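Below, chain A partners chain B and then partners chain C, in two separate complexes.
What follows is the complex of A and B.
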């Protein structure tokens, strides 16, 4: 099946916009629902995301703290992340 | 002569007869007989010479045989000694080779044992770490209430500031 080049081009542009939108979106994962004050604290802690659109996700597995993701960038400031890091350090000890 | 009782004619005839007899005997009996005797003597001499030659040859052969046997014995002894020496050398080489192989095997086994020990230790350590993490995770999950989670989150964010 041959797609009309104009339609193809528009679809590409649309997809690009969506990807950009998703990439700009800051996802904040936490173990409970963060309040406004806590979100402000997050942006103060990570000023590079300040003013960007964001969404919050609740994930009980992280126990405490937060995980911030934007595109391919991930900041793991969670208790589970710290435990994982500790676990990796234990594995590395000879 | 007649008075003596001798007949001259008879005497002459007898003499002739004797001469003839002598000649005939000499020619037809004595000569062949002598020849036969000579031939026999010659044959006997030849036989004797042949016997002597054979005896000499037999002695020479016996001497050769004796010499050959001695030579054979000597060679056999030499070969045996050489074989014995070679056998000893081979035995030594085999012993050295076996020792080398044993050493290699020993080293290999030691290395293998060490590797297995290290792997086992690592596995134990990993299991221990895994179990510890599981216990910590489960404990934290059951212990942490929302207030504590909030406090921890605040502490983490403050430490980042």
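What follows is the complex of A and C.
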């Protein structure tokens, strides 16, 4: 089956737009549901994301703290991340 | 218990230094895994040459950036990476630990020990990829590298800071020449780096053993990425070796680096490039295979006093097939280097070892660095040998020869004979000068060919025993005056007389 290049182009542009939209979205991952106050605090601490659309995800695996992500940029402020870097450090010391 | 307490203390100390800081990092996801290469999505702001950390604590090195993907070579075990693994950009480029402790060690391209020894402890890291020193920082080559091999020191002299290619078929003694050169640096105040790329582990072990036995490991470092290591490791090995050499050069030292061999390095890079789907050119090598070697060998240099005054001499090795020096990779490297030592199968099989093909071998800058004493005796040698080669080919068809031609042929045969040398037996400067002087002055013309060997051994032990002052004086002052020549002549005559 041959795809009309015009259609292909439009689909590509649509995909690009959608990806951009998703990439703009700030994702806040936490171990429990954050209330409005706590989310405000997060944005105050990370002013570069202030005023952007956001969504919250609950992930028990991170144990405590939060992970803030936008596109490929990530702030790992979770307990699980800290524990992982600790284990790396212990492994490196000999 | 005490040990555990100590460990806990170090960990506490380390942790005390680190604080929870608000630092963003780049994250990506592995989408494809190919032989030693991973393709990732995300990592929008990753840089070329940046290091990535994967879920299984493996490191990867970004070498391909395209519209949507990032390609990276995995440094370590790529089989335990799963599709969907997360990768974090570390924001720094690949560098290896460098320290004086490296001397005598065998390390992999990341600086991790391969000899069951302790980890290299240092705070100093040198970047693996580095731009070579510019024009201003450089100086002309003026100090020789004494290889201890008569044929090379006399006819194809190498200078400190030069890049001299060793090229030949397999089993013609390429590695032997390089290793013998390392052995001869014992009293030459030189640091040596032997970089094995895609070699058999048994061969590397053999070289290490030989160096250790001859006390050469005290000033040598071996960097090894063997045939069983990943293509990524083989690709990085020569650059790591170069980084180690640069560390010692920055301390004002003269360094000799042997890359054994760059053919396999080109193969490893070809494999990586094909997996990354880069357009393939001649012999399926990618377009930048020339740059691959030129940027490596350009790092060999002699820098001026203001920049430390050290030097890096490079001895790259290339393996040819059926003596074809005009294949793709050999011609590339020949054009990059400052000369080449061509080894010939036919000469090797005829028992002429080292099998240096004097006609095809050249050294473009080493002549300026040759010692005065050697220059005095080698000038005539070249001419005699060239005439001999012409005549030898010609005389095969001619039955009757005139006296003059016979004399030339005889002289040439004797010179060829004295340029033979056993492996792992480097000659001092004075020994070389005396032997070559005798041959080019015609002292050996009356000696039968098969007695030359014995005469040479005898002469050298005789000189060591009776004329130690003379030998020391040549080694130290590196010149040959008339008085010395007379003394040597007398000794040689006595020696030949006694032999009869």
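Points to keep in mind about this one:
Going forward, the second predicted complex is superposed on the first by the 94 of 94 C-alpha atoms of A that agree within 3 Å, B and C clash if a C-alpha of one lies under 4 Å from a C-alpha of the other, contacts with A are read in each partner's own complex, and residues count from 1 in each chain.
Simple rule for what comes next: a residue touches a chain if its C-beta (ideal position, glycine included) is under 8 Å from a C-beta of that chain, and two chains touch if they have at least 3 such contacts.
Note that the structure is predicted; figures quoted are calculated from it, not measured.
When the two complexes are overlaid on their common chain A, residue A:63 makes contact with chain B while staying clear of chain C.
Contacts of A:74 after superposition on the shared chain: chain C is touched, whereas chain B is not. Shared-chain residue A:27: touches no atom of chain B or chain C. Of the two partners chain B and chain C, more residues of chain A are touched by B. Legend: residue contacts after superposition of the two complexes on their common chain; A:90 is shown touching both chain B and chain C. In the superposed model, A:38 makes contact with chain B only, not with chain C. Of the two partner chains, both chain B and chain C are touched by A:46. Across the superposed pair, chain B and chain C both touch chain A at residues 45-46, 77, 86, 90-91, 93. Across the interface of their complex, chain C is touched by residues 23, 45-46, 69, 71-77, 82, 86, 88-91, 93-94 of chain A.
Residues 30-32, 34, 38, 41-42, 44-46, 60, 63-66, 77-80, 83, 86-87, 90-91, 93 of chain A touch chain B in their complex.
Of all the residues in chain C, the ones that touch chain A in their complex are 7, 10-11, 14-15, 18, 20, 22-28, 42-45, 57, 88, 119. Note for the complex: chain B touches chain A at residues 125-126, 129-130, 132-133, 136-137, 140-141, 144, 146, 148-150, 152-154, 156-158, 160-161.
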